[in-house]
Structures are given as C-alpha cells and as structure tokens.
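Mind having a look at this structure? Questions to follow.
Chain naming follows the written order as A, B, C, D and E, and within any one chain the residues start at number 1.
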Amino acid sequence: MSAPENVTPVIEARKVTMQFGGLKALSEFELELKPRELVGLIGPNGAGKTTAFNALTGVYAPSSGDVFVSGERVNGLRPYVICQKGIARTFQNIRLFKDLTAVDNVRVACHHRREAGFTAAFLRSAAFIKDEASITRRAEEYLDVMGLAHRRNELARNLPYGEQRRLEIARALATGPKLLCLDEPAAGMNASEKVSLLELIRKIRDEFGLAILIIEHDMRVVMGVSERLVVLDHGVIISRGPPEKVRKDPKVIEAYLGDAYLAEKQISVPGEGA
Amino acid sequence: MSESILSIKDLQVNYGAIEALRGISLEVPDKQVVALIGANGAGKTTTLRAVSRMLRPVAGSVTFQGEEISRLQPHEIVARGLAHAPEGRGIFLNLTVQENLELGAFLRTDKDGVAEDMEKFFGLFPILKERLHQVAGTLSGGEQQMLAVARALMSRPKLLLLDEPSLGLAPQVVERIFQVLRDVSAQGVALLLVEQNAHKALQIAHRAYVLETGEVVMQGTGQELLDSPEVRKAYLGE
Amino acid sequence: MTEFLQHLVNGLSVGTIYALIALGYTMVYGVLKLINFAHGDVYMVGAFSGLYLARGLGVDEHPSLWKALVVFVGSMVICGALGVIIERFAYRPLRQRPRLTALITAIGVSFLLEYGFQLPPAIGSSVPFPPGPTPRFFPEPFPRVDFEPFGVHVSNYDMVSLATAVALMFALQFVVYRTRFGTAMRAVSFDAGVAGLMGINVNRVIAWTFALGSGLAAAAALLVAGSRPTINPLMGLLPGIKAFVAAVFGGIGNVPGAMVGGLVLGLAEEFVAGYALSSYRDGIAFAMLILVLLVRPAGLFGRVRAEKV
Amino acid sequence: MDTLKLAGRSLLPFLVALPVLWIAEGSLADSKSAQIILMAAGINVILAVSLNVVNGFTGQFSIGHAGFMAVGAYTAAKIIVATRGLQLVGLPPAVSDQVLFFLALLAGMITAAGAGLLVGMPSLRLRGDYLAIVTLGFNEIIRVIIENTPFLGQATGISGLPRRTTLVWVGMGVVATLVMARRLVGSTHGRALLAIREDEVAAEAMGVDTVGYKVRAFVISSAFAGLAGGLLVHLIQLCTPRSFTFVKSIEVVVMVVLGGMGSVTGSVVSALVLSFALEGLREAQQYRMVLYSILLIVLMLTRPTGIFGTREIWDMLPRLKRRRAEGGAQ
Amino acid sequence: QQKKEEAAPAQAPAATPQAAQAAPAGDKIVFGHVGSMSGNEATFGDSTDKGIKLAVDEQNKKGGVKGKQIVVKTLDDQGKPEEAAVAATRLVTQDHATILLGEVASSRSLAMAPIADSNQVPMISPTSTNPKVTKDGDKTRPYVFRVCFIDPFQGTVMAKFATENLKVKNVAILRDVGNDYSVGLADFFAKKFQELGGKIVSDQSYKAGDQDFKAQLTAIKGKNPQAIYVPGYYTDVALISRQARELGMKQPLMGGDGWDSSKLYEIAKGALDGSYFSNHYTPEDPSPVIQEFVSKYKAAYGSVPDALATLGYDAAKVAINALESAKDLTGPSIRDAIEQTKGFKGVSGVITLDADHNAVKSAVVLGIEKNNAKYAATVNP
C-alpha cells in the first residue's frame, strides 16, 4: 500500500451489509482508504458497487456493519452530515440541478462551508457579503479546474453530456471532501474524452490531495488510474489488490472481464499507471 | 449499395434556439448495420429521436421502407417495423421485467411467438430471467440496459435504432451485447447504432457516419473509418 | 348498539360517495400524475346531465328500469365525452410541462364549469341550461326502498352504491393490472415518450383514461343525487376535495387505496360527528388523516419507494 | 461604523420606499376605490411572493397558505382589540396607534411563523400531494378551530376593527416581502432551497440539510402570510374565517404558478394582473368568474411556464440583462 | 381616545368633502348593490338582486324619485368579505352611489358597514340578521340600517312558539357552524328556550354544502328530542329533513326565515310536513302588498320569490321611500329620512326602524302541511 500504516483512513467500511427484501445487494463489505489513495471499485452489473456508494454516503443506512469517516462512526447519519464530514460523490445517472447555472450548481455545494448565518442573508451584513464573495470565488476556481469556466452562466441542462459529468465532479469537489466517490464518470464518453478525464482525475487527486474511490467499467480508465482495485460480485468481494494482479485473477476474468476481453484487448494506458 | 430501409434527408432539429441538427442526410441499407459516432452533444441522440418522432423535426424528410414517416405518430412508426431503444434506457421502472418485455411486444398478436422470443432473450441475458418478476426500478444499471435491448427486439423490428447500448456495462456484457447485435443483424434486422464505443461499433458496422455539431462530417464503411487517422485520433483515443 | 350500527352504516354510505369519486380521481392521477381539479365538477355535470335526461324521459312521472339505465349510461357517456374534451384542450397542450401548470388549467376548467353552470338560464324552460345557481331537485332514477334490520335504517341506494363501488374497484384493479390497456396505462404513466416507442397510442390511452374516470364520476353523481336529491353547480367542490383527500390518503394512483381511503374518511367523519363534536368534524377527520400520513408517508397503500440513485 | 453600514443596507429599501408610498397615498387621497384596490392587490402580492418561497423556490407543494394568513390575522386583530384605547407613553395618539399596529403585525408574523414550524416540522418529510393534503388539512383545522372558539368570534369573527391598514403599510409590507424573497434567493441559503427543488437527493448529498431548509422556507413563508392576514383584516375592519378558506389558498397557488415558479417578479406581476383582472370584471357579475376562468386557461396555455418561467423580469429584457451581466463580470 | 378617525365624520357631517361626493352626479340616482352573484351563495345574491330590481323598476315606471330615474349598479363579491369591502368602496366613490344595498350575509355586511359610515352613504341590508351589523362597539352605526329582524328576536320567536304552542321540553339543535346567521339563531334560540324551562338535549353542527347529515341526525335521534331546531338555509334544510325521515325520525323540525323558498318543498317532498319555521310574512296573507308582489315577481322572473327576494324588494322600497321624503339627496339627509321610517308597509311586514336601526316587526310562524306553508301564529316583538 502506498500510504503509511498509521494514518487514520478517510473511510472505513466494516462488514457492511445491505439487504433489500430478500436480496443481499452487499454483504460484509470491507473497505479502507488512506488519504490520497486512488482505488477502483469494479464488478459485473448489479454486483453492488453503487449500493456500496449509497451505504458509504448515507443514502441508505446499512442493514448491518459500520462505516467510519476519519475514525468516526457515521452509520445512520443523514447524507448531508456525512457529506459535511468529508465524503462527496457523483451519481451514476447525472443528477445536476438542471435549472440552475453551472456556477450555482457549484455554489450550492460550497453552501455548508459558509460562515455567516441565516439572518445575515436578509440583513446583508458585511460577514454575509464576504461569505458570498468567497463562495463565488471558490466556485469559479472549481469550474476553472474542471475546464468549465466558459460555461459559468449556462443552465446545467443545456450543457453537453461530457461537461455535465465534469460539472458534477466540480460540484462534488466544492463540498471540500477528503474522499471523492465517482460513480462511472466516464460512461457515455468516447475514447478520447476518456483519456482527458483520466488526466483530470489524477490532477484532482494531486491538486486537492484527496482520496478517490472510482467505479468504472472501462478497464482502460480504471486500471490506468487506480492504485488498488476492489472487485465485487453478487455483493461479495471476490478479489482485491493492484491492477496487474486483479487483471489476471481467474475469478475476476470469469465473473467480470470475460475471456474475450483478454484475448482481444491489449490494455494500453496512457500516462503513468501501466 | 443495396436498397435503403431508412433514408434521412436534410433533417433539421432545434431545441428552442439551439440548432441541434443542421440538415443531416444518411442512409441505412436494408439488413445492414450503420454506426453513428460523434462527440458528446454532436446530435446523435437527436437524430434517433427525430426518426422515431419522439421529437418533431423543423425540416427534412425521413423515409422508412419507401414511406415518408416524419408526419406519423411514434406508435404508427413502431407498427411499421421500427424500434428504438432510447438513450437513458427508457425502462419502465415501475413495471416488472416481464411487463417491460411484454410492452416491447405490445403490437404483436402472436402469443406463442412472443413467449418463444422471450425465452430466446433469456438465453442471451440470463439475469433477466432471474429478475423476471422484480420491478425494473431495482435493477442495476447494466441489467436495465440489457432489458432495454431485449425489449426493443421483442417487437421483431425490421430496423432497430440503438442509442448507446453498451453504456455502463461490464466488459463481459459489452461483448455479449455486441455479439447479440451481430446475431440480430445476421437475422436480417437493420441497425442504426449510436455508440461511444466507436471501436466496437465500427467493427460491426457496414457503414458509418461521423457527426459533429449537428452535421455529418465524414462517412464510409466501418473499416474505412477505423483506418482513418482523424477518426482514430478524435474518437478512438489514439 | 343500534346507534353504533347506524353510524357504521351512515359512515359507509358517505365513504362510498368519496370512494366512488376518488376512484375516477385516482385513475386519472395514475396516468397523468395530474391532480384533476375539475373532477369534482365533472361529477356535478354528471348530476345535471342525469337531471336533463331524466326530465327528458319523464322519469319523474313514469319511472322504469330502462329509463334509469338510459339516464345512467347517457350521463356517463356525456361526462366521458366531457372528460375527453377537457383533456384534449386543457391538459394535452401542457403534457410536457411541469405538473403544476396543468393543475392551474384544471382549476380554470373547474371554475369554468362551476360558474358557467351558475350563469342565468339561456335555453329551455322547465330545466333550463345553464341551470343557474339555485339548487334543483333530482328525481330518483329508481325507487327508493328502506330496510330496517335491527332498528338500523339502510336504503337500497346505500347498498347499490357500496356494491357498485366495490365492483368498480375490482373491475378497475383488473383493468389496470391484468389487461393490455392497463399495462399501457401504467407505461404511459411512467414515461409517455417511451410508451410511444412501444407502439402505444399515448393520446388514445390518455383519452380513454379520462373518459373512464369521468364516466365513473357521472355514475357516482347519479348514485349520490338519487339518494340526496339536491344538486347545484357547486355541488362538486366539497366532494371533489374530499375525494382528493381520500385518494391521497389511500395512496394516490392506487385503486384499492382510493376505495379504502374513501371509506375510512367517511367513517372517520361519521364517528367524529356522531360521538365527538360534530362542529369539529372536518378538523378532527383531517387531523387523523394527517397523523396517519405521518406514519405512512405515501398513504395507506402507497409504498414509499426508496429512490434508487 | 460597520453597524451603521449594516443598518443602512438592511433599511435602505424601506427608506427609499417610504417617501414614494407617501406621495402615492397623497396623490390617491381622492380616490378611495383606487386605494383599496391597490391595497387588496398589494396583499395578494405579499401572499403570492411568500408562497413562492415554498412552492417556487423549494419546490414543495403547499396549498394551505390561507391557514397561516388566518393565524397572523387573528393574532393581530386580537392585539388591536385588546389595546383599544391604550396609548403608549410619550407618544402622540396617532403615532402610538401606528406603533401598536406595527407590533400587532409583528406578533401576527411570529405566531404564523410558529404555526409554520408546527406544521412544517413533522410534515415536510412528505412529498408532493401528500404534503399538499397536510397543508390543506391544516387550513381546514384552523378554520374549524376558529369556528368553534368563542374567544375568536366563531363564524362571525371579530368585527369593528379600526382601519389601520393604509397604502403605506401595504406598500411597506410588499417591500419587506420582496426584500426577503430577493435576498433569500440571492444568498447561499436561497440556492440551497433551489437545489432542493431541483433534486433533493443530490442536494442532500452536497451537504444541504434538506429537511432543515424546507422547514425554514415554510416558516418564513408562513410569517409573511401572517403579515398579509394582519393587513387584510385591518383593511376590511373585519376578521372572519370566511376570508381564509382553502379557496383563498388555491387562489394564491394560482398566482404563484401563473407568475412562474420561483420567479419573484413573476409572482408580483401575476398577483397584480389577476387582482386587477378580477376587479375589472366585477361588473360582469355572473359572467365575471367565467371570464376569469377562461383568462386563467388561456394564460396558462399560452405561457405554460408561467409569465416569467423561473426567471425574473430583468432576465427578459435583453438590454437590462446585458448590463447586469457586464456588471456581474467586473 | 379610541376610534377617533372612524367616528369623526359622523359627528361633523356637512364639513367633510365626502358629503359632497356622495351627492348623485347628473340626473340619475344610483343604488349600489353588493351581492354574491357568483360562488357558493350565488343563489342568495341572485334572489336579492331580483327583488331590488323589481322595486326599482316599479318606481322608475312611476317616474322615479324627485324626477330622477334610479339605476341599480350591482357588484359581485363572490361571497367574500374582503371583496364586499372593495365593491362597496367602488360603488361609493367611483359610481357615486346614493345608497348601498346589501349584503345578504352578515359577514359581508360587516365589511361594508364601516365604508358606509366613513363615506356617509346610507346602507340598508336586506337580510343580515347579526346584531353587530348596525353596531360599532356599543354605538349604533349612523349610516347602517336593515329591514329584517335580528337573530335574538327570531330565535326568541321560535323558542316561545316551541314552548307555548308546541309544548315541547326537549329540543335538539342542528346548526351550520360556518354561518354566522345559523350560529346566531341557534344561540339565541337556545338561550330563550332554556329560560323558558326547556332543555337542549343535543347541539350538533354541519357545514353548508354537506351532502350527508346522518351522523348528526343519528346522534340526535339517540337523545330522542321532541323537536329539532335547524336554523339553516333551505339549500341544506331540505336534505336534512329527508335524511331525518329516512332514519325514522318523526319529530317536527323548526327553523327560521332561511327556510323560505319554494325549492324547500320541491326537494323535501313532504319530509317537512309537521315542521315549523319563523318568517317575515305568510303567503296566505291576503294583503295586497304581498299578493301583488308575488304575482309581479312571478311575471318578471317566472319563479316564486323567496325570503331573500322579498327582503331585497323591501330594502329597496325603504330606500326609495326615504329618498322621497329626504330634504335633499345628500347622504346625511337620506340617512335622517331612513331613520324616520315608521310603519312602512313592506311585503315582509310593517317596518319600523328602532334606535339601533333594526326593523321592528312582528314575525309569523308557518307550519308546513302537505308540502305547503300554512300560517300558524304571529309573534310580536
């Protein structure tokens, strides 16, 4: 592992189980991310990857097991609290605030880091004005990082798909997270767009010093960017480790990659990684 | 070139002030696979939606089997043998998997044939059989995509419009989907395929078009485009 | 004991009214996710078309079964047609729009019917059209018979209404869940655009749903007006609201929910009025409904579907 | 110095509005009907804009606004009745009356806000039509309580109230409501509300306490409904449950939707248009509401997103818009 | 200290500019009618308006008042108090109405009264029976009058009748909680009835527009009263009576003038036989005023007048009478003239206005037999 052993992990999942009626979508899920780690979560469709995200971010309260954020137990807390503790995410199906502008989408996420209170907004106190200015400045920075500065005042719904994806990441970053969870960020992009997304994800990690957990089906992306992989199947972890190892794990090939995949594709990854 | 089952001429679509399609023309030869590739926002989805009349074009004509269909209602177009698996899957999340599949065969009257087809698709997508009576809303992303493709095929279309069928699918399933598409095409169904996975799409395509900001900028056989340096750079990430 | 039973019967009888109206409400809602505010007024139109037909046929003087049938079917058809017209001109143009937009045209249509029927008479003499604001007497479509088992008064109208409501509930449930049309309805309800791609004629499904829902309103109106024979242009307002409450309470869009919601509301009102304070009736009935909703936030039969993200 | 600036910023709109309103009132002194029509319309503006905070900004569906109006109205009316003949020490009678009226309105706002909190806390977990039923139910419960409470005058209500509401008072109320609404949307808190409207799950995931914010929106909105109630009853000098039925609530919903959900100026314009249209049609008697309903339908069909959609009036005027954009870029 | 500005104009009538404003412009006299022409209570506003217009037409045919023709200007208030206030203001200041007529319901009249006072335009309410309408605190409102008796009187009438004529001891009440008229009558009835030694065994409520009253009736039935007092409008009473009979209740119902409409009998279909209600007059009364009015009304509108139409007619008549005797057409003079109304022979009885501006007149009690109202008794104030 890349991070030193004694650092408190940003997130820890211990025996997290999610039960939907008779379906155990996730069972005894274990995960630990140290600061600045970049981990990939892969597995066949319906393996429980998104469910794992939901359990970590408070969308669902785990049926059993514990989730710790920076050592603090957060089971059953509302998502906004967990978010404020430093976990941010994007969604598999884009969930932007469609009728707000790009900059407002990001500003919403800066919301919980404001300083002035509720009444200040009505009085327009100096603290409030300072607050707003700093929120706006920060939001613009995030837009800039994601290459969306020129879209500042466009409604989110009018952005092309790829930019919506990036805007969602910018929004998640604006919550000031220690861990960023990306649910299939490259879906719907073509190969070239994926390459630039890859670079972007690395840049985010380096610039903001975050841990990143990424779900992705495109092996070029996920193998290229992740330091470690966790593989889920039917809600159970079937393999974990560095990409080179996981890629060759027969269980993973059988359940997920398929033989054809190996035969057909030379996995070439641009940049460092491979 | 064999006879076209679908031909689009000078199709224009606007969203309010946005010109999404600025007069594109393309042909889908009968029983062949045509791929439509392009960057995000190029207008691929819009093209498919205009063909199946989910939205109304400003100008241009769409001819299906020699008949002008751009004035028909979506259900009338379906009745003529055109199916559309829309972007975002368009699964009825409130209905069960079975009901979704039955809706795919809404206009069919041959009960036995329907049941037979259903079994056939369970062979291709076993997970659907497992989830048959589950509400589709609880399916994972990939399961929903499989359902969408299976459902579109349930109408036994002559032409199938597919909007990013491999989106969000595990590599193994992507393989399977493309295999299915090959099989389907081999059985004589024409395909108009929109894909971000350009590599795979061009491999199975007889013909392909490249769309950029609402215009066709390049066309040729699948292989021609695969070999084209511009395409390789812009869409294959090389 | 007799008094309790009598309250029970009364409560069921009132609840049946709400249920009958709520069934149509919930149907339309189920497909369009539209609070058809005008539903109560279609109910009112149902009563008036019944009145015109009954007067035209002379039901007052010479009642007979076939006349009653003509009145029933006739007003259901009239209301069905009215529903289709309303849908075509007031709701369809707004189908792609946010739900609340159509709610406003629905309110507009509701006002139009209410106040339109209140206009001074223009044509006809004995029962002119529009009927104007004065209440009118509604002739019994079939003769009333009162029973008195155990000292409890029940009329054949109550029984017919309840039986009709229950039968309709089962019939609707069957239609929605067991027929092609029902599957189509549910598909349209979820996503009309994609439903079209399945070969479903979306406009027709919606039009038929409206026709069905409005026809049901007419049937309800005749059963109610037959036993509570005063009708006026604003008669739909309160039952409309109550039926809306009943439908939501049962879980809006849910057919048995509308039925049970209606009955529960009727019984709640009855027992509050009968045993507690009748002047607090609406308040207490609402308070109870609110409490139940706080425990079951999607109504009695509605399932809170955790949104899959 | 800072507090001075702060006071300046928070009071500026009122200081500007006051002389304007005085002049307006003075110039309309001869036309009482114009005054009362304007006041009634102004009260509708307060109602529509405040309901827009819940229905438009936050995307919730409340149809019980008249209930909160009643709470504010009865509180204010009771206070005015109780302080009849009371003169605040050191103040001339006319001034004393005005101060008392102000305090009564304030008290009305506070109790209405309290009612908003009471209703909002448990019920805002409900969505869409379920919330609608609860708010409608609350409206009915308030009515029933009033009708059964002799202290509140039952069905007759409280009559013989002094006429305290003037054009200036209504005008200040409107300004206060507008300032509240504009400053709210223009703040990070307002954006939190809009985020809830757009996508509750995403808003929550982005650190917005959705329940907390919904309750806050509800409380603020209720407070201003209470203000409108207080103004109304001291305009017509009568406080009866008939002024606060669910029909009134629905009228306000109509104004909000017609103006455009979330558009403050839209609410203002539609409240004015509908109020004046109804007034203009008054002589049509029986045909009045028929024409009004046709107007509603036609307006909605021709402008399906409401008069201004979610935008504000200045977004619609291209030149103004450009200037603002330039200003914003600096 | 209190009520400075409200009372001020009344004390210095001639000096204020409003006095001049109230004078009619041109050669027409405007009667401003505020009525519920649409909405829940449209039927009441409609009847009243017809009554008023009949009286005015008659007068105009006779040449009008002081050589001027009268125009009736009706403004709709949809049955809402706040609208009534606006409508009254408009009539007074914009249309320069000489006199205000209306409203049917006290809740709206209460909203009009301050406007009449502060603008010095006399207002005559045809049917608002709440005592507060002509009162401002303990003082009588100078410009507000009515031609009907008030709740305390009517409630008393029925209480007396029940005790003395019907000899009943136990009575149940079923009132319309949302209607001040109904609540007022019920309260005053109960008070008097108990004073006379009777007992109220059950006091139930309903809401106008309800379709079903069986819950309340069943509860009442359990108490087995000798009669039921239902002071509501005919729109609801007809159904109440039917449902009472359906529950096997045979007790007589009793009510007030809100019952008076031919619709009552049309809908009740005999269910009310044996019941009694207090009213302003009896249609059997051979007095030419009444018979003439009924036939004229029928000729004009094709229907039998109800109490609201009758009182609307009387209100307009009282106004015309005052205009004729007033020394000029300014508000204060007309006000003084109205105040002098004594022994005026209206359709609804002989009207004398007392110090509180209420009509002092006798009430009749009508019994319903064979679905028809028959004179039963006269009760004097």
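In this section, a residue touches a chain if its C-beta (ideal position, glycine included) is under 8 Å from a C-beta of that chain, and two chains touch if they have at least 3 such contacts.
In UniProt terms, the chains line up like this: A, B = ABC transporter ATP-binding protein; C, D = Branched-chain amino acid ABC transporter permease.
Because the structure is a prediction, the values reported are computed rather than measured.
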- [ ] Could you tell me the least number of steps, going only between chains that touch, from chain B to chain C?
- [x] 1
TODO: Compute the centre of every chain as the mean of its C-alpha atoms, then state which one is farthest from the centre of chain B.
DONE: E
Task: Taking each chain's C-alpha mean as its centre, the one farthest from chain C - done: A
TODO: Go ahead and note the Å separation of the Cα centroids belonging to chain A and chain B.
DONE: 30
TODO: Could you grab the centroid distance between chain C and chain E? Build each centroid from C-alpha atoms only and quote it in angstrom.
DONE: 36
- [ ] Find every residue in chain E that makes contact with two or more other chains and list them.
- [x] 38-39, 42, 46, 177
Task: Sequence positions of chain C contacting 2 or more other chains - done: 115, 118, 277, 279, 281-282, 309
Task: Shared-contact residues (touching 2 or more other chains) in chain D - done: 143-144, 147-148, 201, 286, 288-289
Open item on the list: Per the contact definition, I'd like the list of chain D residues that touch chain A in the complex.
Closed with: 2, 5-6, 9-10, 179-180, 183-184, 186-192, 194-195, 198-199, 201-210, 216, 310, 325
Task: Touching residues (chain side chain C, partner chain D) in the complex - done: 35, 90, 93-94, 97-98, 100-101, 103-105, 107-112, 114-116, 118-120, 241, 244-245, 248-249, 252, 277, 279-284, 286-287, 289-290, 293-294, 297-299, 307, 309
- [ ] Could you please specify the touching residues of chain E with respect to chain D in the complex?
- [x] 1-6, 37-39, 42, 46, 73-76, 78-82, 84-87, 89-90, 92-94, 106-107, 110-111, 114, 118-119, 130, 132, 135-137, 177-180, 182-184
Task: Complex interface listing, chain C residues touching chain B - done: 180, 183-184, 186-187, 189-191, 193-203, 305, 308
Open item on the list: Under the definition above, what is the set of chain B residues touching chain C in their complex?
Closed with: 52-54, 73-75, 78-79, 83-84, 86, 90, 92-95, 99, 102-104, 106-107, 137-138, 151, 155
